[in-house]
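I have placed the structure first, in the form of structure tokens, so that the comments after it can refer back to it.
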Amino acid sequence: MSNILSVMTFLPILGVLLLLFIPKESKGTLRGVAMLTTIATFAVSLPILTGFQTNADFQFVENVPWIAAGPFAMRYNIGIDGISLWLVMLTTFIMPIAVLSTWTAVEEKVKEYMICLLLLETGMLGAFISLDLFLFYIFWEVMLIPMYFMIGIWGGKNRIYAALKFFIYTMVGSMLMLVALIYLYFLGTKAGITDFSLLHFFDLKIDPATQTWLFLAFAFAFAIKVPMFPLHTWLPDAHTEAPTAGSVILAAILLKMGTYGYVRFAMPLFPEATHRFTPLIATLAVIGIIYAALVAMVQEDVKKLVAYSSVAHLGFVMLGVFSLNEQGVTGGMLQMLNHGISTGALFLIVGFIYERRHTRLITDFGGLSKQMPIFATIFMIVTLSSIGLPGTNGFVGEFLILIGSFESSLRWYAVIASSGVIFAAVYMLWMFQRVMFGELDNPKNQVLADLNLREIAIMVPLVVLIFVMGVYPNPFIEKMTPSVMKVIAKARIEPVATAKVVVPVVAQPEVAPVQPAAEQPVTAH
Amino acid sequence: MFDNVWLIPLFPLIGFLINGLLGKKIKNETVIGSIGAFAVLCSFIVSVMTFLKLIGLPAEERVINVKIFTWITAGHFNADVAFLIDPLSCLMLLVVTGIGFLIHVYSIGYMHGEEGFYRFFAYLNLFVFSMLLLVTGNNLLLMFVGWEGVGLCSYLLIGYYFHKKSAGDAGKKAFVMNRVGDFGFLLGTFTLFWYMGQTNNIWTIQFTELAKNANLLPTGGVVTVITLCFFLGATGKSAQIPLYTWLPDAMEGPTPVSALIHAATMVTAGVYMIGRMSYLFIRSPETMTVVALVGGCTALFAATIGTAQNDIKRVLAYSTVSQLGYMFLAMGVGAFTAGIFHLMTHAFFKACLFLGSGAVIHSMHGALHHVHSHDDAQDMRNMGGLRKHMPLTFLTFLIATIAIAGIPGFSGFFSKDEILWQAFSNPLHGDLNIVLWGMGACAALLTAFYMFRLVFMTFFGTCRIKEGAEKHLHESPMVIVIPLLVLALLSILGGYLGLPKLIGDLFGGVPNYLDQYLEPVFANANQYMLAHVHPEQHSHTLEWGMMAASVVIALIGISIAALLYLINPELPKKFTTAFPALHRAVYNKWYIDELYDFMIVNPCKALGRFLWKGFDVLVVDGVVNGVASTVMAFGGVIRYMQSGLIYNYAWSMALGVVAIVAYYVFK
Amino acid sequence: MDNLTNYLLVSAVLFSIGTIGVLTRKNAIVMFMCIELMLNAVNLTFVALSRHLGNLDGQIFVFFIMTVAAAEAAVGLALFIAFFNNRESIDVDDANLMKW
Amino acid sequence: MEINVAQLFQTINLATIMPEIILSVVGMALLLVNVFVPSKSKGYLAWLSLAGLVAAGYTAACGWGQNVDGFSGSVVLDNFAIFFKLIFVIAAGLAVLISDQYMEREGCNQGELYPMVLFTTVGMMLMASGTDMMTIFLGLELMSISLYVLAGFNRANVKSNESGLKYFLLGAFSTGFLLYGMALVYGATGYTRIAKIAAVASQMGQPDILLLIGALLILTGFAFKIAIVPFHMWTPDVYEGAPTPVTALMSAGPKAAAFAAFLRMFLVAFPSMKADWSDLLWILAVLTMTVGNITALRQDNIKRMLAYSSIAHAGYALVGFAAANTTGTSGILFYMLSYAFMNIGAFAIVVLVAKQGETNGNVQDFAGLGHKRPALAAIMTLFLFSLAGIPPTAGFIGKFYLFSGAVEAGYIWLAVIGVLNSAASAYYYLRVMVYMYMKPAEEEFGWVSLTAPVSLALLVSFLGTLIPGVVPSYLLQLAQAAVKVIS
């Protein structure tokens, strides 16, 4: 099937159309249809994974004219490479879980809720597979709408503020990106580029001063989405107020849009500017790691704590991505997936206890382990994954990021960032301890039921992935490696020899003799 | 030939999975316990087989890498899941699985009737698995997996009684402090990987590769940075200054855990790691000095605290910290074999001590439970005279105590004396040697003192337990006692593996087996030492003298203990009243925990709170919301221009016309 | 030439008077009369220019303006009456229900 | 001089103004029908005028690409005019469709409304077609006078009176400036015909001061109709007071008509002074967007809010004008068309939600609409997103082209200010959605009844907002073709 990507992307829309014809009273059917749609989407995405050839090319490409008027030519140009592949898979994988997670949590306006979820899925998938800048922008913006409603309608007490903040904050950024996009296009037309296709722009030579401005505009939009310090304040609000599925999707996928944007657009398009702003971005990333960790430590609301932990984790991702070597970028990409899985799982967990107790204050809990052993086990595993314990997915990503950035010019940033692993342990474990350990003294907590079958079914795939990706991450890495190398080759302004100096570990010392320093792969001091 | 080594960690992993996933369903304690113990037993058997195979090989071939699968590859970074079988790791395998098996057996009896029995065995198996990874991992990263894994198990097991807040706190403290160490470990790994790659184009984190290329490393400089980072990792894991405070708190966990994790195996990981990378450490004289000093200080410092504790397990905990200090002292003076030797002997006698104390506590607990007393079953002030009731436990406990105190003939004497001698005579630290020896000797004195204090308070004198409870005190079941006996035996015999040459010569040239066995592992370091420093020759007389001195020191310590706690039990009280401040300081562990709280924990929390409420909400969000509300306020003002009056509107238009025209006319 | 300038000046003055009248008066009818004055000033300009330029376009324009002004007057007065019916005033100060 | 009638008719070329003729005839016929058909319900008039509008639109569309002129070149039926005529037909048609229900409810269902709508449409069409200052003026006045009547149509309602009064006085006032400007241009160049003015103006090396002032005064005249700051003050009051369907028409039609004439005058007659007026439009665009948006932030009355929003939208369109390139100007055309759909659609919802006497017209009164009437709310949501310029809607594509025009012309900061305004504007559009979806319903919205005409209007504007948002290519190409004739 040559248009499998389109089928996958727009399958949720089909689900929406179906949902429209189901009366809103039959909630079970609505949930079922939404569930089936997301599962079908996941099923459709599987052949993409299996059929993906491990090389740097874009695959499953569809490229047809879309808009052509005046100076512009936009094309419906989609495709997938090693960088977007896993993010697409993550999206299709998380969505059924998200739907399932709200089976009982959302009792009101089920129909609208499911419509929002499905629209969101199309938006996210579309953004990940777009190879046309304009198309990307459309999907990028479209995502905002369902998320806005999810926060605003099904959110908590302060939901309207959070929803508006989320929407307008993101919109300010993306609007500036739009201007940069247009400007870039006109630069391209002068160089003979005839449409918005990303691949054309990769070859465009832009003078550094212009790059600076364009990069800033792109980076600003993406930084808001990531979110990077100090543009992060919408996140705790949005997360805290969003319903569980909203938080899960927001954390697992939407935030990745920002980092993905850097890897896919900002960095390869503007290499000189990337080089120039690397210290700034790395500084912000590191500040984000430490700052968010410190702030997370003193949170009173579990969900807010997890939200701040997201900021810290995404700081790691940014650091890795901007180290611009294979370890760092691979680590960053992996960490995106890891964060999607483990933070998604954390939000689900918070959702479980919120559903039971209708509070998220840490002080309202304590000793839950006794009452909910299965929950405790899963919570523990996810917590450990979140703090990057070896054997879980979180470790692989974090380690590669740190070793990558240590090897690059961001050495000192890596050192500071490494201390983030300590803080992560502090705030996560302290939270875990206060919620799960101690005396089960609150009578309301003494009657809590452990996870039911549905909830276990939600968590099991995540837990399995946590371990699979921790123990055997190589299949994930292998698929993305060629694309990662391509990105690095584009985004680095120094000549890169990274790929060629792989020395097998078993190499004999005499085979790998000491080389004069001049021939070393350049790792700027 | 060594293809089946992956079985060694696999068995405990299977045990963990079975007990962890199905344990709740199995319910039968015997089955659960047997599965757990059997898994470790299988590992032990395979380890023994591996060991036998290994010593069957010529010495120079005793380094085998067994690759299972490629774990992570990214760029020139590569990490395999692969095992390194060499004398050092084999020794550790035996210690871990051997003692681990005994403690598993012991636990079946000790943990009888505890809630979450299956959980305990699952964790214990998981711990053994992690520890085996740690010791067999053939690269830094896999070692780190085990490194963090044992930390995790430690966290889980310390927090086993999670309903107790103190247990949860202790677990968290252990984990976080370990993480601080891990931070160092990671940085060390990064720097080493980067430096080797950068300067020599050797991108590897594999131990054998590193060892092979160790000669490319400079002396000092970046190696100092690397080794100090690793050493930070070691201080965290092995509870050295400044990261030792978690270990005494870790006694919140069940006693078998204390024996296995917090005495015999996990806490020695730091020592093992330095041994594993001896070729690296030896290349940095600065680091060696730091290691030796930290070790010496810790040995002495922890010993002082140990003298004033009343909780039986806490005494042992501080003793562990102190003994670990010895091991680091050994490593720091380049006596790697001696350090590993002490690691091994310490594993025997300290496991024996902990299990013995566990038996005591168990018995005390049962007795106190009978009379419905809430007295602390671990407080030595409630004990006394227990030897009548628990003769076997007393016997084994006494043997182990003698061993730790350094009485000749018992294992502790050989290893400790070796360390003291090396501290005194090593060629690395020059004038510092006497200080190092002094610290070690003082610590030995204190060790002998507080250990016998413990024995006297617990097993001698009058029974101070609550009225009526005494008759309920009884010897432990066989499943508890047998491991004690085995360990006690090992505490005696273990020392004969590493007889000093001096003594060996007396018995017709019995070699120092351990030295020979471990020689290939430390060959690189030793060669480097030979090439770079010139050892002074010390006369045998001096060596004999020093040996005698350490025996005398131990005896003095024992005598003081006997005087204070056996002959004249009123003396200690007088002593404490005479020096109240000193006693309070020692009793409160020199207020180090409070100091950390004051210096690090509280400022961090305060900073976090400030950043949240003061910066995040006020400044960052304040700017965002400020912009928004400024615009909104502006809108509120502008709308009042819209007065609703036609002539105002007309004015606006007319002025607009005038302005536009004027602009162009006068431009 | 001078002639034209004079005409233009007069019409400009008339236009200004009309404008100022609109700006300062509050009676809707007076305001409307001022607007008529402005329109007539424009007419004068057109006629003068037409004469000066020697083509008839301007004068034709004036016819249209006058016609339109008449239509405007008719509609305007109807609106005033409707307003007066409800507010009993044609003071524009009273047309202030909607503001801000 | 012998007058050859046939030749005269050839010069006049009635085909050029056939759409106007059709609408005028239908309008006058409807006036008579209204008098002589004794039916209390006036709904049939709506359908009849719709038929007339469709016929006129069809006639206009048939002339696509032919570029004929008439009346000795003082009117023209070129692509540019046709594009705008279709906008007017759509705007008027949608307004007509939502009128009956509203007028019935408000108790002022006089049949004259429909002829007046048709006449005002004729005026707009004439403005778009006019190539002579005279015809433009005539079209403008025809449009305006009909609108004065329409604004004050609800005679019994004080607000409607006030709206008519304000619109009339200020409109006439601005006409004064426009005319004076035209007089000066005439004086400076000697012609009223745009093409000839252009010819003369391009001959002048240094623009004549008379010509410049004339042009600026003409600009202010159009600026009034478009509602450019500082000539915008009438907009909120008039929009608020006028009957809602009239407001809907007013927000879309006259604005587009004024843009049509404005574009034609400035791009055809004064391109030589582009440097002068382009800067001015830059400033005016910024002022208009900003003032419109910022003031709209604090409005509760939804009609008033939409009025301020329409000021802001005029500012966005001006961005394209300031750029004065094909991208920008075709963007204006596209935007005006989209704006007709989305804004009238939004007003249609306002008509439905409001109660008798124009009560219930505040944002707060929309609370819970999303749950009680999900379809209506969903449609309204689309309109609001389109107004806010969020894809996939026509509003986004329109804005994209407008801002692209600015970027292409090198006005990057203008585009940046534009997009920032756009982001700020999202707040007040979202606010409506907040009430619709995120606040509990206080009312059951039982009175909201969807009649056939309104449903049709909603459907048309829904599709007109959505489809060009997803597949805009065809319309954009039409707009490009349309602006070709004036650039």
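Points to keep in mind about this one:
Per-chain residue numbering starts at 1, and chain names A, B, C and D are given in the order in which the chains are listed.
Basically, contacts are C-beta pairs under 8 Å (C-beta built on N, C-alpha and C of every residue); 3 or more make two chains touch, one makes a residue touch a chain.
Predicted, not measured: the structure shown is a model, and the values here were computed from it.
Distance from subunit D peaks, on a Cα-centroid basis, for B. Computed from the mean C-alpha positions, the centre of subunit A lies at a distance of 44 Å from the centre of subunit D. Here the spacing of subunit B and subunit D, counted between their Cα centres, is 79 Å. Between the Cα centres of subunit C and subunit D there is a gap of 25 Å. Centroids of subunit A and subunit C (each the mean of its C-alpha atoms) stand 66 Å apart. Along subunit C, residues 19, 22, 31, 92, 95-99 each make contact with two or more other chains. Residue positions 628, 639, 642, 644, 646, 650 of subunit B are each in touch with at least two other chains.
Contact with two or more other chains is made by residues 168 of subunit A.
All chain pairs that touch, listed by label, are A-B, A-D, B-C, B-D, C-D. Partner subunit B is touched in their complex by these residues of subunit C: 19, 22-26, 31, 92-93, 95-100. On subunit B, the positions that touch subunit A within their shared complex are 24, 65, 69-78, 80, 139, 141, 144-145, 147-149, 152, 155-156, 159, 162-165, 167-169, 171-172, 175-176, 179-180, 182-183, 186-187, 189-191, 193-194, 197-204, 206, 209, 212-213, 216, 604-605, 607-609, 611-612, 616, 620-621, 624, 628. The residues of subunit C lying in touch with subunit D in their complex are 8, 15, 18-19, 22, 28, 31-32, 35, 38-39, 41-42, 45-46, 49, 52-53, 55, 57-58, 60-61, 64-65, 68, 71-72, 75-76, 78-80, 82-83, 85-87, 92, 95-99.
Every residue of subunit D that touches subunit B in the complex is listed here, in rising order: 165-166, 169-170, 173-174, 177, 209, 212-213, 216-217, 219-220, 223-224, 230-231, 233-234, 236-237, 276, 280, 291, 294-299, 424, 427.
Touching subunit B in their complex are the following residues of subunit A: 165, 168-169, 230, 232-234, 236, 291, 294-299, 325-327, 330-331, 367, 369-370, 373, 380, 384, 389-391, 395-396, 399-400, 402-404, 406-407, 411, 414-415, 418-419, 421-422, 425-426, 429-430, 433, 436-440, 471-474, 477-478, 481, 498-499, 501-507, 509, 512, 514-515, 517, 520, 523.
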